[in-house]
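Lettered A, B, C, D, E and F in written order, each chain numbered from 1.
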Amino acid sequence: MVSKMPMDASAVLSEIRKGFILESIKTGKRLDGRSLDDYREIKITENFVPKAAGSAMVEIGKTKVVAGIKVEEGDPFEDSPDSGVMALNIELLPMAFPTFESGPPSEQAIEYSRVVDRGIRESKMVDTSKLVIESGKRVWMIFVDIDVLNYDGNIIDAATLAAVTALKNTVVPASKIGQKDYALPINATPVSITMAKIGDELVCDPDLEEEQVSNGRITVTISEDHNIHAMQKGDIGEFSLDEIRKAIKTSSNIGNKLRETYLR
Amino acid sequence: MEGNIKLIRDDGLRLDGRANNEMRPIKIQTGVVQRADGSAFIEWGANKIIVAVYVREAYPKHAQNIDRAIVKARYNMSGYSVEERKRPGPDRRTMEISKVVSEALSSAIVLEKLPRAEVDVFIQVLEADAGTRIASLTASSVAVADAGVPMRDLVVGCTAGKADGKVVLDLSKDEDNFGQADIPMAILPRTGKVVLLQLDGDVTEEEFNEATSMMMEAMPRISELQKNALMDKYSLEDGE
Amino acid sequence: MVSKMPMDASAVLSEIRKGFILESIKTGKRLDGRSLDDYREIKITENFVPKAAGSAMVEIGKTKVVAGIKVEEGDPFEDSPDSGVMALNIELLPMAFPTFESGPPSEQAIEYSRVVDRGIRESKMVDTSKLVIESGKRVWMIFVDIDVLNYDGNIIDAATLAAVTALKNTVVPASKIGQKDYALPINATPVSITMAKIGDELVCDPDLEEEQVSNGRITVTISEDHNIHAMQKGDIGEFSLDEIRKAIKTSSNIGNKLRETYLR
Amino acid sequence: MEGNIKLIRDDGLRLDGRANNEMRPIKIQTGVVQRADGSAFIEWGANKIIVAVYVREAYPKHAQNIDRAIVKARYNMSGYSVEERKRPGPDRRTMEISKVVSEALSSAIVLEKLPRAEVDVFIQVLEADAGTRIASLTASSVAVADAGVPMRDLVVGCTAGKADGKVVLDLSKDEDNFGQADIPMAILPRTGKVVLLQLDGDVTEEEFNEATSMMMEAMPRISELQKNALMDKYSLEDGE
Amino acid sequence: MVSKMPMDASAVLSEIRKGFILESIKTGKRLDGRSLDDYREIKITENFVPKAAGSAMVEIGKTKVVAGIKVEEGDPFEDSPDSGVMALNIELLPMAFPTFESGPPSEQAIEYSRVVDRGIRESKMVDTSKLVIESGKRVWMIFVDIDVLNYDGNIIDAATLAAVTALKNTVVPASKIGQKDYALPINATPVSITMAKIGDELVCDPDLEEEQVSNGRITVTISEDHNIHAMQKGDIGEFSLDEIRKAIKTSSNIGNKLRETYLR
Amino acid sequence: MEGNIKLIRDDGLRLDGRANNEMRPIKIQTGVVQRADGSAFIEWGANKIIVAVYVREAYPKHAQNIDRAIVKARYNMSGYSVEERKRPGPDRRTMEISKVVSEALSSAIVLEKLPRAEVDVFIQVLEADAGTRIASLTASSVAVADAGVPMRDLVVGCTAGKADGKVVLDLSKDEDNFGQADIPMAILPRTGKVVLLQLDGDVTEEEFNEATSMMMEAMPRISELQKNALMDKYSLEDGE
C-alpha cells in the first residue's frame, strides 16, 4: 500500500526548528530541558494484557509500545533439539505515524526487531534449555509481539524495555500439558541504550524531532554482567571510534540506572 | 455454535453473574494516540481496543471521490490478543469486519463535507474477549469525532444472542463460542436507524425481535459513555 | 493489479437513469416490469461440470455463477475431531465486470463469501458428522468454489442458490478409500433473500443498476424450519428496525417459494 | 510422459474409440458474458472454457504503447475444474500458458489499429480434460473477434502427440498423461503460418512432421466452427 | 516493484540501427561478423561454486549465467513413489538488465525456466529412479537454480548449457545418510538451440539487439539420440511449417557440435 | 553462538591455520556485468559475490528526493550459495543487511551531486562463507565508484569476533557459527569514521576495543585492493 500523502518524515521539520534543536544541543541542553544523557519520562504498565502469557505497555515520553507474549507448543529447530524457541517481532502500526503503512514489515521495522531480538537473545536472558517438553520433539515457543502505537522517537529502547518487562512476568502454561505452570526462567536483564549523533554530540533517547536532525544512531545493549551483547549503528551518518567507545561507557552507566529503576 | 454447554446458571443468571439484559462494564477514553488526528481507547469487559484516525487527501488522485470522503477502517489484531497467537496481517474475518465497520461509519459521517479526503480508521485489538467488532465500531466513532470529522451522529453498537436457548445481551466469550446465535448491531441513536447488522446462528423471528429490542434499550447508556469521553477531553483541555 | 480504467461503478449510471429507477420504484413497479418482491428469471443447470463432485450453473437474469464442489481427504480441525470440514469461496472473476480485478480476493468477494458460507453453515445444511473417515485423524473436506462469470447484481442469492444446488447433487467419493460412494448427507435447504433499499422501499433481487442507486442492502437466510440462520446489512446506508422486520417477513415468504420451485 | 500403459486398442482405435486422426466433438458459442465486449464458450470433448474480452485504454499511462495495442490473456482454472482441487490464482503452468496465448493472439490482431489500447482476454477453464490451452486459444480468438477487434485471421489451434508409439490427433486426458509426446500448435488458417508451437516428450523428426501434417488437415474444420459461431450470433441478431 | 524508468526494451534500439541489422542479415552476415548459424564465443567454468553439489558459469558472448545445484532429502510426489524430484528455476536478476525487477518471477522468467526444464526432463537426462532413498517415503530432490547475471540475448541456450554442465558434475551427498556419495546418474545430454526470425531468415543464438528486431523465436532441444524433447515458439511473430522443419534440421546439426565441444 | 567447540589449535593458530589478526585472501575485479553502469566481483576466502550498480532517475516522481540521490542496496543470495538451499527472495536477515549496506554507502556517496537519482546496488551472493555483508559492502563500494558515482571515499569493511575466548580477525564460518561474538565494521579510510557497525554475542569493553583496533589495522590493506581493482580496469582500458 502506498502512503496517502507521500512525504519524507524529515520534511515536516522546518529549517528554523532544526536550527533551534542544533543550537540548544551545542549548549548541552535540549529543547525540552533535558541534558544530553537524560531519558524522557518512562512509564511501565505491567500485565497490560492479562490474557497474554506476559505483557507490558511502555511509554517513553509520547512513544508508546505494547509487548505481549504467547507461549505455545512447537517443534525445536533441527540443530538445537534441546532448546526452546523465541521469535520477536515489532509492528510499526500505521496508527503510530502517518508514513507507517499496513502490509509486510518495512526495512525499518525489521531492523528494529532484529536489534531488539539480538540484545535479548545474546544476553541469554531467557533460559531456553528449560523450555524443552520432549528432547528433539516438542518445545515451548515464545512469541514476543511488540506493537508500536504512537511514534515519537527511540522505538528500540522502548521495545526492549517492553519485551524485557513482559518476558519477566511471563508464565509458561505447562498446565496445558498436565504439568505445573511456571515462570519463564530468566538469566539476565538486558537494557538497550540508543543515542543519536546531533552536531558533534551524542544524545540519549532522541525524540522524533531529534532523530530527524541526527546524523546516525547507535544502540548498545548491555546486561548486568556489564558485557556488550548487541550494538547497531543505524541511519545515514558516521561515528569516530572515540565516539563509539564513549557511547559504550554512557550505555553502561545509564543502562544500570534504567535496570535498577524499571526492571527489578 | 454448539448448544451442549450450560451457559445459564440455576439461579437464572449467566456464568459471569450477569442478568440476561446486563452489559459488561465499558470505559472509553480519547486522546490516547498523540500523533493521530483523533483517537480512542475502549475497555469493554476484557476487550482492550485502541483506535486512531487520520484524515488526509486520498492518494493516488484517481482513488479520490471528488464530491465526498472515503472512509477506510482497518481492523487488526495483535499477536497476543487471542488465545492462540494471531499471525500479523489481515485474514478473511478481519477483512469482513473492516468492511462492515467502514460502511457503518460512512453512514454516520457527513461525507460531502470532506471532498477528496480519506478518513483512515486504524483499529488495533490488543485484547479480545467477544464483541470486538462492536466495541471497535463504538470506539472508532468516538475517535472519528475526536478528529473533528463532521458526523450526523455517533454510531453506537452492541450485541445480543442466544445462549442455552435464552436471548441475552452482550455475549461473553463462552456465550459466543457455545451459544446458538450472535447478533451484532449498531445504530445512529438520534434516529434509531440501523447501520450495522449481522446474524449467524439459529433464531426464530420472535427471538430476533426480542434481541433487537434488548439492544435498543442498552444503546443510550453506551451512547452516554461515548459523549462523556469526548466531553472529558474537552473539559480537561479547557481546564489546563 | 490496478484496474485499467479507474472508475466508480456507480459513475456509469447517469443521473437521468437514476431518476427513472427511483420514480418507477415509488409507483411499485420496476423499470423491467417487476414488482418490488419479484425475482428475475432464474435458470439452474445442475451438474454443469460433470467432473466435479457436484456442480450447478445459476443464472438470475444476466447474473451468472457456477458452483463446483470438490471432496477431498484432509485433517479435521483440532477442536472438532468428529466433523468434516467445509470451505466456501466466491471468486469475482475479472471477466464478470470491468472493475473486478485478478489477485487476492477483494473485501467485496470476502464479504459475499462469508455471508453465503454462514447461511449454509448455520442452517446445518451439510451433516458434517457423517464426513468422518477416522475420528480425529481423517475427514472429508468439502470445497465449494463459486465463480461469478457475469455480474448484473445480487451475487449473494445467486451464489447461495448455486452452492445449495451443487451440494445437493454432490457425491462423496468414498470408493477412493475402499468404501461406497454416497450422496452428501443434507439436513436443510437454506435460501438467501437479498433486498436493496431504494428510496423508501425494499426491493428484492436488485439488478446492478438498482444496486447502484440503493442505500443499503440486507440479506436474510432462512431454511425450511423458518428460522433465520444468517443476516447481513451491507453497503453504506441505514434501515429502521421496522424495515428489517419487514425484510424478515418478506424473506420467509419468498424463500419458501424459491425453495419449492428450484430446490426440491 | 510414461509409455507403459496401453493406449491403442487391438482394433487399432484409441481407448475412447477414435481413429488416429479423429478429433473430439467441439461446440462454440458467442455472447455468453453480456457484460464483456466479446465472449465465447467452447466445449471441446469434456473441456468447458469460457472467455470474455474487454478492450480499454491501457492503464497506467506509462504502460501504454503509443502506436499499438497490448494483448493480455489470462488463463485461469476454476477450483473444481480438475481432479485435485486447484487453489485460486496463477501458478507457473498457467502463467506460461497466458504468455503463449497472448503472443499467439497478438500475432493475429492488427495491433496498430488500436494504439494505447489493452485487449484483456480472460479465460476461465470450468472443466479441464486435456488440450485446454489450445481450446482456450481457439475460443479466445472468437471472443476477440466478437469484441470487434480487427484481426488478420482467426487463430485456430489443435494438438497432436504420441501414444503407444503412434502419432495421434487431439490427445485425450489418458494420452496426455501416459503418452510419449504432446504437441500443441496454432495457426492463422489463411496463410498456414504457425503462431503457437510447443512440444514436450520424445519424437523423431519424422514423427514431428507426421503430427504437424495431421494437425494442418484438421485445422480447417475447427476454423469452420469458429466462423459459424460468429455467424450464428449475427444472423440471430439480424433475426431479432 | 515498478521499474525505475519505464521503458520498452525495444525502444532503446534506434530505427537506423535496426535497419543495419536487417540489411546485414539479408546478406547472410551479422553485424558482429557471424554467419546466420554461428554462436558467439562460449565460455564454461565448471564447479564455479565449490560449495554447491554441482555448478557452472556459462558465458555466451556477454550473456552470463551461473547454474548451481543443491541435492536435499525430501518427499516423493504421491503419484511417483519411486522417483526423485527435480525443480529448476531461472532468476532474471535485476542486475542483469535495467527492466528486470526484483520480486516474484515474471512471465518471461517462468517461460524460460519451463522450456529449459522440459528439455532436460523429457530427454530423461537425470535418472530419477536412482534417487530414491526409501520407496514412497524419502527421495533426493535436485534443485537447479540458474541466475542470469548479465543479459545480452539467448538466455534459454545459456541456461540449458549451464544446467546440463552443472548436473553432469553434481555429486549426491549420500554420505549424509550413511551411504557413499555418488555422481548424479546421467542418461542423456540435451542441448537447446534457439533461433530468431529476422526478416526472412532464421538466426542462431540471437544477441539482445537481434532479439529486439526479431519476429518470433524458436527453440529446439535435442539429445544425442537425435530425438526432439522440447520445442517452443516464443514472442510475437509467426513461422511457416517449412521454417520450423528447417529449424529442426539446423538444431540437430549445431546441437551435435555444441555437445561434442562443450559437454563431453 | 556457542562456545563449546575448539576453535584455536594447540599451536595458537586458528583451525584454518591463520594467526589471530590474519585475513583470508581477497580478490576484487571490476567490469564484470557489462550491462550495468558499474560492477565488481569479490572473492573473500570462499565467499563469491557479484555487485552491479545502475544509476537512474528515481521512479515514480514522488519517490525522488529533489536535492539528493537515494541509495538502494539489495543483498540477495543464490539458491545454491549456502549449505541448505535458499529459497529465492528477501528474508528478514537479507533485508536488514540491505538496509545497513545502503546506509553505509549513503554515508560515502556525495548524494547532493545526484539530485532526483536512485543508485541501485544489486548484490548477488553466489557462494557464502561468513562475512558476506562486509564483503558485499566492500565490493559494492568499488562497483559504485566504477559507475562514476561521486564518493567522498571508498567504504572498506572487515569483521572481528571472539572465538574460543580470543579476539580474532575476519571470522571463518566455524568461528562465526561457534564463536562468542561477531563484529562487522566498515569505515571511510581517509578519516577513519565508522559507517557500519554491528555486534552480537558477548564481549567486554576491552575485547571490543581490541577487536576494533585489530580491524582498523587491517582496513588499509583491503582498501589497497579496492583501489588496485579500479586502477587495473582503467589501465587496461588505456592499454586497449
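The rule we apply is simple: contacts are C-beta pairs under 8 Å (C-beta built on N, C-alpha and C of every residue); 3 or more make two chains touch, one makes a residue touch a chain.
In this text, all values refer to a predicted model and were calculated from it rather than measured experimentally.
Undergrad: By that same contact rule, can you tell me which chains touch chain B and chain C alike?
TA: Neighbours common to chain B and chain C are absent.
Undergrad: What's the minimum number of touch steps needed to get from chain B to chain D?
TA: Shortest path length, in steps: 2.
Undergrad: Among the chains here, which has the CA centroid at the largest distance from chain D's centroid?
TA: That would be chain A.
Undergrad: Matching over half of the contact pairs by residue number, can you pick out the copy of the B-C interface from D-E, C-D or E-F?
TA: D-E
Undergrad: Indicate the whole-number Å distance between the mean C-alpha point of chain B and the mean C-alpha point of chain E.
TA: Spacing between the chain centres: roughly 57 Å.
Undergrad: Where the CA atoms of chain A average out and where those of chain B average out, how many Å apart are those spots?
TA: Each chain's C-alpha centroid was found; their separation is 32 Å.
Undergrad: Which whole number of Å gives the spacing of the CA centres of chain A and chain C?
TA: 48
Undergrad: Could you grab the centroid distance between chain A and chain F? Build each centroid from C-alpha atoms only and quote it in angstrom.
TA: About 26 Å separates the centre of chain A from that of chain F.
Undergrad: What are the residue numbers in chain A that touch two or more other chains?
TA: 6, 105
Undergrad: So with touch defined the way it is at the top, what topology do the chains form here? Options are line, ring, star, complete, other.
TA: Chain contacts: single closed ring, each chain with exactly two partners.
Undergrad: Take chain D as the starting point, go toward chain E, and spell out the full loop of chains.
TA: D, E, F, A, B, C
Undergrad: With touch defined as at the start, can you tell me which chain F residues reach chain E in the complex?
TA: Touch residues, chain F against chain E: 32-36, 39, 46, 48, 50-52, 54, 56-60, 74, 76, 78-85, 88-90, 118, 120, 122, 124, 126-129.
Undergrad: Flag every residue of chain E that touches chain F in the complex, lowest number first.
TA: Within the complex, chain E touches chain F at residues 2-6, 48-53, 55, 62, 64, 66, 68-70, 72, 89, 91, 93-98, 102-105, 143, 145, 147, 149-152.
Undergrad: Could you list, by residue number, the parts of chain F that touch chain A in their complex?
TA: By the definition above, chain F touches chain A via 1, 62-63, 65, 92-93, 95-96, 98-100, 103, 106-107, 183, 188, 191-205, 208-209, 212, 216.
Undergrad: Please output the residues of chain A touching chain F within their complex, sorted ascending.
TA: 6, 8, 105, 107-108, 110-111, 113-114, 118, 121-123, 216, 218, 226-241, 244-245, 248-249, 252
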